[in-house]
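Below are structures written as structure tokens.
Next come two complexes, and both contain chain A; in the first it sits with chain B, in the second with chain C.
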Partner chain A sequence: MTTYAVERWTRSGRVTVGAAAGVLLVLALLPTLATGLVIDKLTTLFIYILLAVMWNLLAGYAGLVSVGQQAFFGVGGYLALRLVDAGMTPYLALIVGAVGAGLVAIPISTFALRLKGGEFAIAMWVIAEVLRIVVMFDPLVQGETGTSLLALNAFDPDLRRNLTYWLGLGALALMLSATMWLLRSRIGAAAQAIRDDEEAAASIGIDVMRVKQIIFVLAAFGCALAGTIWLASAITFLPRTNFGVQWTVFMLFMVLVGGLKTFEGPIIGAIIFFLLQEVFGDLGVWYLTGLGVIAVGFALYLPDGLWGTWRQRTGIDLLSGGVMLKNPVTVKRAT
Partner chain B sequence: MLDALIQGILLGGYYAILAAGLSLMFGVVRFINLAHGDLAIYGAYLVLFAVEVLGLSPWVAVASVVPVMALLGWLLQATLFARTIKGGFLLPLLTTFGLGAVLQNGMFGLFGSDTKSLGNHIGNLSWASWQLPVGISVGQLPVITFAVAVAVLGSLQLVLSFSKLGRAIRATSSDPEAAELSGIDARAVHRAAAAIAVALAGLAGAFLAMRALINPYAGPTQLIFAFEAVVIGGIGSLWGTLVGGIVLGVAQSFGATISAQGFQLAGHLVFLGVLGGRLYLAHSRNLGGWRGVLGMPALPLKSATQLKKVTSEGRS
Partner chain C sequence: MSEEPAMVQPMLEGRGIDKSFGAFKVLKAVDLAVASGEAVGIVGPNGAGKTTLFGVLAGALLPTAGTVRFAGADLTGTGAAARCRSGIARTHQVPRPFLGMSVFENALTAAQFGAGLSGSAAEDCAAEALERTALLNHANRPAAALGLLDRKRLELARALATRPRVILLDEIGGGLTEAELGLLITLIGQLKADGLTIVWIEHILHALLKVIDRLVCMSAGAVIAEGGPDAVMADPEVRRAYLGGSL
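After this line comes the complex of A and B, so read on.
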């Protein structure tokens, strides 16, 4: 019998992580050099990447297509507002609010995760709508009018911008590492097994509900973090915007264009989405129509997205989610 | 109170027309068309266009838009949906969601952001009502909508039960491969089902525009309502969509008497309640009823003991 050595880190994987650490360091130091405009734009980009990675974690790796992730985006922001109103320091409230939204996701998960496919997708949407309506009953939010995180005005504008930027960068780095770690753990392998065949996964002893729950709550927390950072950069909280289904449309676009079921794809998709918005955003509705057309086109003709297709054509994989089985004679790859 | 009940029941007629198409697509082509609500709004804008620009009378406009919508459904199935249903359940959801975004923003670009209504083109029908003996008045338009819903579901039932197409649809929805083996072109059946579904969406949209104000982004809400009606009434059941529509309509109508937001909230809560109840029933059935849920041993079956008694008495 041959014993294989299990190798998780490919050479390209090590190089990529090293490069990512370098990029992180440069980005962390950037506020000392760049103008306020650049910092604001980059904060938005971080939010997009975070949303895309979280949606891909749900849909791509666990097969949970949710049209209701705006629920956590909105609830995170709302809880942060409530905490600030109760006297908490704004930046702490942004993080605690996101944790709160993650807790809200636990009871929702026990219900929603028992639904299948399209039912799950639309039930999540309905849940997001219910949460929006409930939040609008709160006098603090003032119904349709919305409210603002005025406590942030106590900070100097430049400091506020940089703090929000660092928070966004930190949240992104944290969630990317957590996702990477999770996907390489048993849970990640189990989630992909469930995605491909739920009954087969259950039959080999995977606790389907528990694995789905972990991924669902983590994705909810990530979306909520994006929501609170968005609140910090936009200041205003409008229930129809913060709980808007357009967030899910954006997530879907970024993941579909970049590449579903890949780790790098959503990041690339988010950068493309960000650039498209910078260039064509002024076109308004025709820009949004174009996004829809591109999304449908990718779904029809390039369902693996840009990165997925590139990986298939070239075999180049920066961050492998699988493992290498090595023995002295053969090198076999399994995913 | 009685007034809200009657209004809710009549509102159910509109939901039945809207939901029947969604249910048909789900039952036959086996995917949820997330653009269904947007297609309904698109149908409404086509009717508005026919009335305001082409100068047709409203009912003629509705009658001519329905076949156009059927053609659109046929084309969508032939070009878009047929390609996506091969890729599992994920791609149809993504594609139709994207299509919805295209329709919403495209309509915004073409027709503008103004809310519009057919209400001022149909004379006094939008507010006229009939007086019932007990002092209740019912709106004429809701009654007509409800009657059309019953007629639509009835004729759909006739088509499904007695026509060649109906047999093909039923065969395809219960087992597509076996149907193909029996010489049915499942893809043609899918196109026919999509044509009917989108035509019904357009008809529902026209009725919505007569009763209320619409705007290009009104579709997703209508999709949610249609889906709720389908789930409450039971997926894959034709008359179930009417029952589901009525339950949803009554819940919304009572919710609206409490607060303006209550209209949507009550409907959503009934939907989630029905889903939860269904999940609970399936769960407890797996574990042997409520005794299973509580971890109690199952009782011996009553009928079995009685049967034993009878046989033992017979022997003695």
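After this line comes the complex of A and C, so read on.
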């Protein structure tokens, strides 16, 4: 019997996690220092990062390219509205609503995941549209007119802003940790195997459907959390906006520009997108088209995105790294 | 008609296997039984249906008719993943590595899922599989960086890391130099000595003959001869179908 040593965390990886925890702490304390405007902007940034990380989890790590993640973004917000209408405290309803959207994802997964590639992508878009139409039938939503989460007006505006900010930060921290943990677990390895070759993955004992389902439901929950936090900061719920396909364009842009299949890429992509949004966000449909063109350009000419390309050029990897067998030849020793 | 001793209970058995792709009948009533610890070679011309038979045995393909039994249980309707976990491993004729992962991660994932191991047991199992297949030096390289020969080795390493009871090898020796082929034959011989049941599709007859107990020849979707290697190769039908008169 021989034993081999492995390394799951590089030094730079540990340093990065430590630094991230520090940044998180500073961000958590920020409402005591920063202006309301800054807090609102950062809440939006958290939502973008969350969406990007979730889309990358799906497409980058499990090969599930969905153009319908707005389904869960919208359903989460809708369920939160419904729960508040039934008497639940708003901030609890935002969380429970997202959990509800995660549950909705389970039956959806059982048939959507039978489809492959482009068929899956289109099916997800159709599902998002169907859900939007179904939700519009609810009198509470008032069709295209939409509705508002008026219960939030009962909170002092500053408190409300800070609570939403903390909820966003907490959700982001939770989902970043969950994603990192998942990707480093055997489920993460299985997802990547499925992404690379589904038949080969099955041939080494991986239950393809079950692994895809875990990833799909987690990503749905994350997108739904983003949707409920968005609802809390925007107050209004418009089916056309909350179930809008623009969310998918945003996610695609952030992940493709930042770097598919890396942990860091989507975060960088989200920050770039956030800055662009600050400058060009009011330009409407041309802006959206421009985002799409840039995303396609990246997919064609820089498929590894900014972070992926940087990592290849420099060899610097902070968080994406996998399992290393240490000094494969020399560490072998008898036990 | 067979002078072979009857098997008490075959380890792996396909009985009456038909497989059609649309109107094209690729396998026609194929019977194959492999005893525990036995090494069976399969030869046959291109397109005979050898790889398709492996697909049916490993659960990647559902047969149009017939049954697959393994260690006494009917697995005909069971998927590839469950069959692997119960002990059937296969290598693919055209290697199918997980290109986004390292060589070690490829094997580790196989150990975690196929062998159901976790923690350091999985890591040791994966590293041992790489060591046996002479891939340990490449452990931390991306699988995408491997050439064809190393990708074939990785197929074998990954299959071994699932801790199989039966291994289905599909043209694992093709394209190797004589020296490399020698190492491969030694390795497969060791696996057999360890008690692994082996089914090996190979066009390189002299390599097969060093390891196998029994030879099966397929042609046009059917088994046309089986038994001792010399008897099979001397069979006139085999010479006609497989060797095309070239020998």
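Here, the second predicted complex is superposed on the first by the 317 of 335 C-alpha atoms of A that agree within 3 Å, B and C clash if a C-alpha of one lies under 4 Å from a C-alpha of the other, contacts with A are read in each partner's own complex, and residues count from 1 in each chain.
Keep in mind that, in the parts below, contacts are C-beta pairs under 8 Å (C-beta built on N, C-alpha and C of every residue); 3 or more make two chains touch, one makes a residue touch a chain.
Keep in mind the model is a prediction, meaning the values are calculated, not measured.
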When chain B and chain C are modelled together on chain A, clash or fit: fit
Contacts of A:A21 with chain B and chain C, given as first, second, both or neither: neither
Contacts of A:L150 with chain B and chain C, given as first, second, both or neither: neither
First (chain B), second (chain C), both or neither touched by A:R186: second
Touching partner for A:L174 - first (chain B), second (chain C), both, neither: neither
Degrees between the directions from chain A toward chain B and toward chain C, using C-alpha centres, nearest 10: 70
Contacts of A:I106 with chain B and chain C, given as first, second, both or neither: neither
Chain B or chain C, by number of chain A residues touched: B
Contacts of A:D196 with chain B and chain C, given as first, second, both or neither: second
First (chain B), second (chain C), both or neither touched by A:D207: second
Overlay on shared chain A, then closest C-alpha pair between chain B and chain C (Å): 6
Complex contacts: residues of chain B adjacent to chain A: 26, 31-32, 34, 80, 83-84, 87, 89-91, 93-95, 97-106, 108-109, 220, 223-224, 227-228, 231, 261, 264-265, 268-269, 271-272, 275-276, 279, 283
List of chain C residues in touch with chain A within their complex: 58-60, 79-82, 84-85, 89-90, 92, 96-102, 104-106, 108-110, 112-116, 118, 120, 123-124, 127-128, 130-131, 136-137, 139-140, 158-159, 161-162
Chain A to chain C touching residues, read off their complex: 1-4, 6, 186, 189-190, 192-193, 195-197, 199-208, 261, 322-325, 328-329, 332
Residues of chain A that touch chain B when the two form their complex: 59, 63, 65, 67, 111, 114-115, 117-119, 121-123, 125-127, 129-130, 133-134, 136-137, 143, 245, 249, 252-253, 256, 260, 285-286, 288-289, 291-293, 295-296, 299-300, 303
